[in-house]
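You will see two complexes here that share chain A, one where it goes with chain B and one where it goes with chain C.
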Partner chain A sequence: MASAPSKLYADDVSLLVVLLDANPFFWSASSLPFSKFISHVISFLNSVLLLNQLNQIVVIATGHNCCDYVYDSSSPASRSAGTGKLSALSVDLLEKLEEFVGRDEKLLKKEPEGSIASSLLSGSLSMALCYIQRVFRSGPRHPHPRILCLHGSQDGPEQYVAIMNAIFSAQRSMVPIDSCFIGAQNSAFLQQASYITGGVYLKPQLLEGTFQYLSTVFGTDLHSRGFLQLPKSVGVDFRASCFCHKKTIDMGYICSVCLSIFCKHHKKCSTCGSVFGQPHSEAASEPNKKRKAGDT
Partner chain B sequence: MPQVKIIARNFMDMVAALPAMKLDQLYQNAFICEAILRSLPPLAKKYVIQMLYIEEAVTTKSIEEWVLPDGLSKHKVAIDRLLQLRIFSEAFDRSSGTSYRLNPTFQSNLQKHITCGGVLPREPMPSSITARLPSLEDLAVFAFALEQWECFLLQLINSTQAEKMTNISPSMMRIFQRGLLTQRDKEPPRLTESGFQFLLMDTNAQLWYIIREYISNSEERDVDSADLISFLLELSFHATGEAYNMNTLTEVQRNTLKDLADLGLVKLQQGRKESWFIPTKLTTNLSVSLTDSSSRKEGFVVVETNFRIYAYSTSKLHCEILRLFSRIEYQLPNLIVGAITKESLYNAFDNGITADQIISFLQQNAHPRVAERVPSVPENVTDQIRLWESDLNRVEMTPAHFYDEFPTRDVFEAACDFAREYGGLLWEDSKKMRLVVKTDVHMHMREHLRRQRQ
Partner chain C sequence: MNNGEGRRLAGQAEEEDDEDDVDECGLEAWERAYADERSWESLQEDESGLLRSIDNKALYHAQYRRRLRSLASSNAASRIQKGLIRYLCIVIDLSRAASETDFRPSRMAVVAKNVEAFIREFFDQNPLSQIGLVTIKDGVANCLTDLGGSPESHIKALMGKLECSGDSSLQNALDLVCGYLEQIPSYGHREVLILNSALSTCDPGDIMETIQKCKKSKVRCSVIGLSAEIFICKHICQETGGLYSVAVDESHFKELILEHAPPPPAIAEFAIANLIKMGFPQRAAENVISICLCHKEARGGGYTCPRCKARVCELPTECRICGLTLVSSPHLARSYHHLFPIAPFDEVTPVRLSSSQHKLPKSCFGCQQSLLNPGNRPSLSVECPRCKQFFCIDCDIYIHESLHNCPGCESFRHFKTVSSSEE
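On to the complex of A and B.
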């Protein structure tokens, strides 16, 4: 799959949409405490706002059951003055984040089965892309948008279709998706997202230095990316999940009309409704081999 | 035609030219660090943020490794700028070579800013006091700023269209007009070439030009330029439309504010006991426009392929500017209609305006409806403007000397070769043995011919 076409950027004004993972199941088991992580993130966000008066930041929190906007630097309500010890951004962000976590908890119906407790990445990606589309329509002079995923939870294969749709839509609008993955193993979804849209995927090795990773790699505006060395992708896990059971598979059946992926043979495609023929079994291919042997 | 370009000397060059001690003093103010950071080229900003928490010096080689080969020229520009502004200090070590380190005051101020946010030295005044006077909404404040600024500009170019005079003293006006207007005896002052180019610049560039003149003049009035610079940069971080009390300012700052009010940067108001000032959009744009990036304001000019200009504006200043290079046909309540003709352009070229300036003015001020179209000004119009300009440049003149009556052909050939070697040969005629040589080679030619005779 080709990576995103490159675009020429005239200046370094950026709109950074941050998807912050606020999944309680992940953070309770993480080595880096959430409070330390948030302080790194807030310093990073302040440094982005510092660089250019016209830079904008939007933070969307990704929970286990829901996602919501927790900070928008361009909204008039966010200009409340900071206290001497905390910046205006921290005050707003932390307040909204607390409310969000409370709401997320209320929506929890039952404990997730098994070990996978994924966060709703597809929801927050879609919200980010909708916001960016609105910015594109706001006029000729708009900041250059990009998405940064600060994610740690494991991939939920049931979100495969929605996430891939969001990734292709971002590729079409030429919005790079960067990922800073703080979980244990690499996330296939985020690797694919960064590869396809032309963003950067990084799994920091020293979590205590998260601010330095963020400011060095992810703080680069789109104009300067043409001049700076950024981490290249090492290997991307392109495995898909099947549409019927949401399992990760390497080999499967594909509908020739809509390219949906299935792990077992079905009579009809569930996405487009086209009817499939008989499955090619091993017994059916033997008469062909006998006929060929007969010819020669 | 001599192409004189107004030296749009960057404000930051002026800051960089301040003596080292004054510059270090400036960096103690967190807002100045922020303003200066914003004025750096994008790569330089990146380097500062990356080095923000690094205490030790980083070698030049490691920093060069951060950049792709394409970006080396930009890298050099960024590093030079950082050294010029004393944000990076250079150290030389025999084992590891040159290395760079962030200025410690700058570094600690920015670190504090990132973690704790910035706090202005003054708070906006409570609305209970300011509400006694008619409330100023954002739009009214912006309208006031524009009006004042236009009035000032019209007065600057001594236009008869200026309706009211601003309160700027005649001596200040003369300082601003220095370089923009010339006055011959018994004639009204005329705009110089730089004056025309000044009018075609965008508002932020004009603003910085005026402020730079104001600051360079401040030394004569016994005001410390570093203080002025720090006050102006601090002002740009105040919120537009909020009232700030005057009693938080020093005497010098209060005088400065009165001058700035005449330019439209702040609005002064008097309550029953206290007086306050309200910064306008022009002030907050000060820190945006420190870089060379184009301004982001609404355009108003539509240029059509039949060379007609339709400008949706009521401003007299815009009318004057368009009159510089086009023939204004009629003015309606919200529309100015004109045409670009050969005569009007020749007029402009006589006054020293170049085709590029006219074209960039039209492109930068293109109406939003045509701005999205590529190109925003039709190509036949831009091409024709350039062609008309080159019409005036048909003859190129070089000072030269003419040599005639050579004694023999050999001497002539030798002279030709000699001139060709020095790159000064302009024309030769072998039949009649005549030669035209550039003036700078003339003296060498004489020496050479004298030697030949001997």
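On to the complex of A and C.
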């Protein structure tokens, strides 16, 4: 944060990276149609660009099978198209989004088993963080970045480690992750992300008013947030789930080698194969032999 | 200035070498202040005799890749076990030699600053571990802080008392540390990091016996020297399986000490695998007031121990009433990237660049930065061996040092199903 008198960017210039959920399995079952949702989002993005001439917006679409950049307000192509910058955003964004959805559909290998059809949030979070690092490298005067997740699909448990890695990296770079969750039940991953990085988590009650929620809660830059009363997080559940039954527990047993969580006492760790109560070398050389002494 | 008597122990030979050498290695401390401004020294000549400046970015990246290769070769298997629950004692040498000013402003100040940065980085990477601080002054080792998991209390204690005098004694320090580390549970990894400024050690007995005692108690000792390479430090590290390095200047010292922050490969016999009982407390609401254990005052918020329902203010901690270790799931998740590391990316060789130039992507997959230099010549890039996406070298460094996720592998569902079937 340079305090030189001839700063190019003031405190209230922001870079907003929007992660837009484009998972067809979620949108086909949602009460709010995708087209209405996109019109809310486009109005919101235009209003953010209006707040400050130097604001930048990047949109990354999160699909079921792939993720990709669909809009970047600072790239030269977006400025020259259309009669003015405002109309260019909706035209550009919709074109690329159509293309993206077509590509996503072609990559579908098989129907998702069970009822969980999650989108690849870890992929788009990682791409957003790489882009933000590039902005940090561009010099001492740069806009203040933040990430906004417009997400509705359920959490995919296979993405847990990758999402936590992304969250810790965002915390270290001091990039807040805000979430506006439009699905049915709260997403634990996004709640944790917003709590750990200092962002705002919101689950709007009336989806027809999405634009109003977005512009009042998520529109302001980071500097101005100090003067506003934004929704506070209540009831973030930090309890872990055990690896054997996947139920949340508040007291459990941790393997000291691989940190897997179990709800009951076991003799052997199912993740790393260590036998408990014995030195590693004995366990590694005789994995199948039953030992009477040292069994707990 | 110091008189000759004070310098006897601090290595007079080293002083003479500095005065005699004229090249860069033997710079006096005051000369190094001007080293940065000698911009003419950073120019190189190319083949035709024309001047060009050093490409710092490529140099930095080459250094980073060498470091990554040496790490990869030392961990022969990609799934080597690491000691994740560590009990580390940092021994800081506050003898007379620590007041030397070859590290500006003094060795002691540089050590204190870097130890503070190290403590924060250590707890960031190893949230379930504990640190204890020990100082050596006047030939006696004193315990500055007990083994504990809160970075603030260690840093406050360290910055509070920084004075140096007397001799250094490695044997006393090792004795004290072994005594402390004997009390820790058997699943923890016992480590000592000695930051040694002195060139001699005044011991009351036979240090070889102490070294054998450490070896038997399975304590892994590493030493970072600030003055010169000393045989006894090398011997300690060899016997106990630790790392010995000597710092040449302040930035090198910072690099060396931060190398000890990620968990070292576990020596299999050293720690016994065990199931540790831990609690995952819920966060209480702000308006429910209760007396907390750490500050002994009534406050809202905080966490409630699931076994005895006592209130604690921050995690991770040990409940003082029932002794249950309290953590939250993100604390455990901080260590998962050590267990599931990503493969290093392959460099894209110039041969490949020239042969298939039209087929290579024009921008980095992660940050969309152009991979072409001005003039359409391809710049340095790397490729992920699994998802075959291309990245620029800055993203490569960021991904491997901070993010620990490959954006390409995470952004394609095909690679996620492949990886889950492998594990």
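Keep in mind that, in the parts below, the second predicted complex is superposed on the first by the 221 of 296 C-alpha atoms of A that agree within 3 Å, B and C clash if a C-alpha of one lies under 4 Å from a C-alpha of the other, contacts with A are read in each partner's own complex, and residues count from 1 in each chain.
Throughout what follows, a residue touches a chain if its C-beta (ideal position, glycine included) is under 8 Å from a C-beta of that chain, and two chains touch if they have at least 3 such contacts.
Just so you know, these numbers come straight off a predicted model, no measurement behind them.
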item	value
Which of chain B and chain C A:274 touches, first, second, both or neither	second
Partner chain in contact with A:67 - chain B first, chain C second, else both or neither	second
Touching partner for A:257 - first (chain B), second (chain C), both, neither	second
Partner touching more residues of chain A, whether chain B or chain C	C
Partner chain in contact with A:47 - chain B first, chain C second, else both or neither	first
Touched partner set for A:33, first chain B, second chain C, both or neither	neither
Touched partner set for A:236, first chain B, second chain C, both or neither	second
Residue ranges of chain A touching chain C (in the complex, touch as defined)	64-69, 72, 107, 109, 120, 122-124, 126-127, 129-131, 133-134, 137, 158-162, 164-169, 172-173, 192, 196, 234-240, 249-259, 261-262, 265-266, 269, 272, 274-281, 283-284
Residue ranges of chain A touching chain B (in the complex, touch as defined)	10-12, 39, 42-43, 46-47, 50-54, 79, 81-82, 84-90, 139-141, 211-212, 215-216, 219-221, 223-224, 226-229
Residue ranges of chain C touching chain A (in the complex, touch as defined)	81, 84-85, 124, 128, 187-188, 266, 268-269, 271-283, 285, 306-307, 324, 328-330, 332-337, 339-340, 364-369, 394-395, 398-399, 402-407, 410-414, 416, 420
Residue numbers on chain B that touch chain A, as the complex places them	34, 37-38, 42-43, 45-46, 49-50, 52-53, 65-68, 70-71, 74-75, 110, 113-119, 123, 239, 287-288, 293-294, 296, 368, 371-372
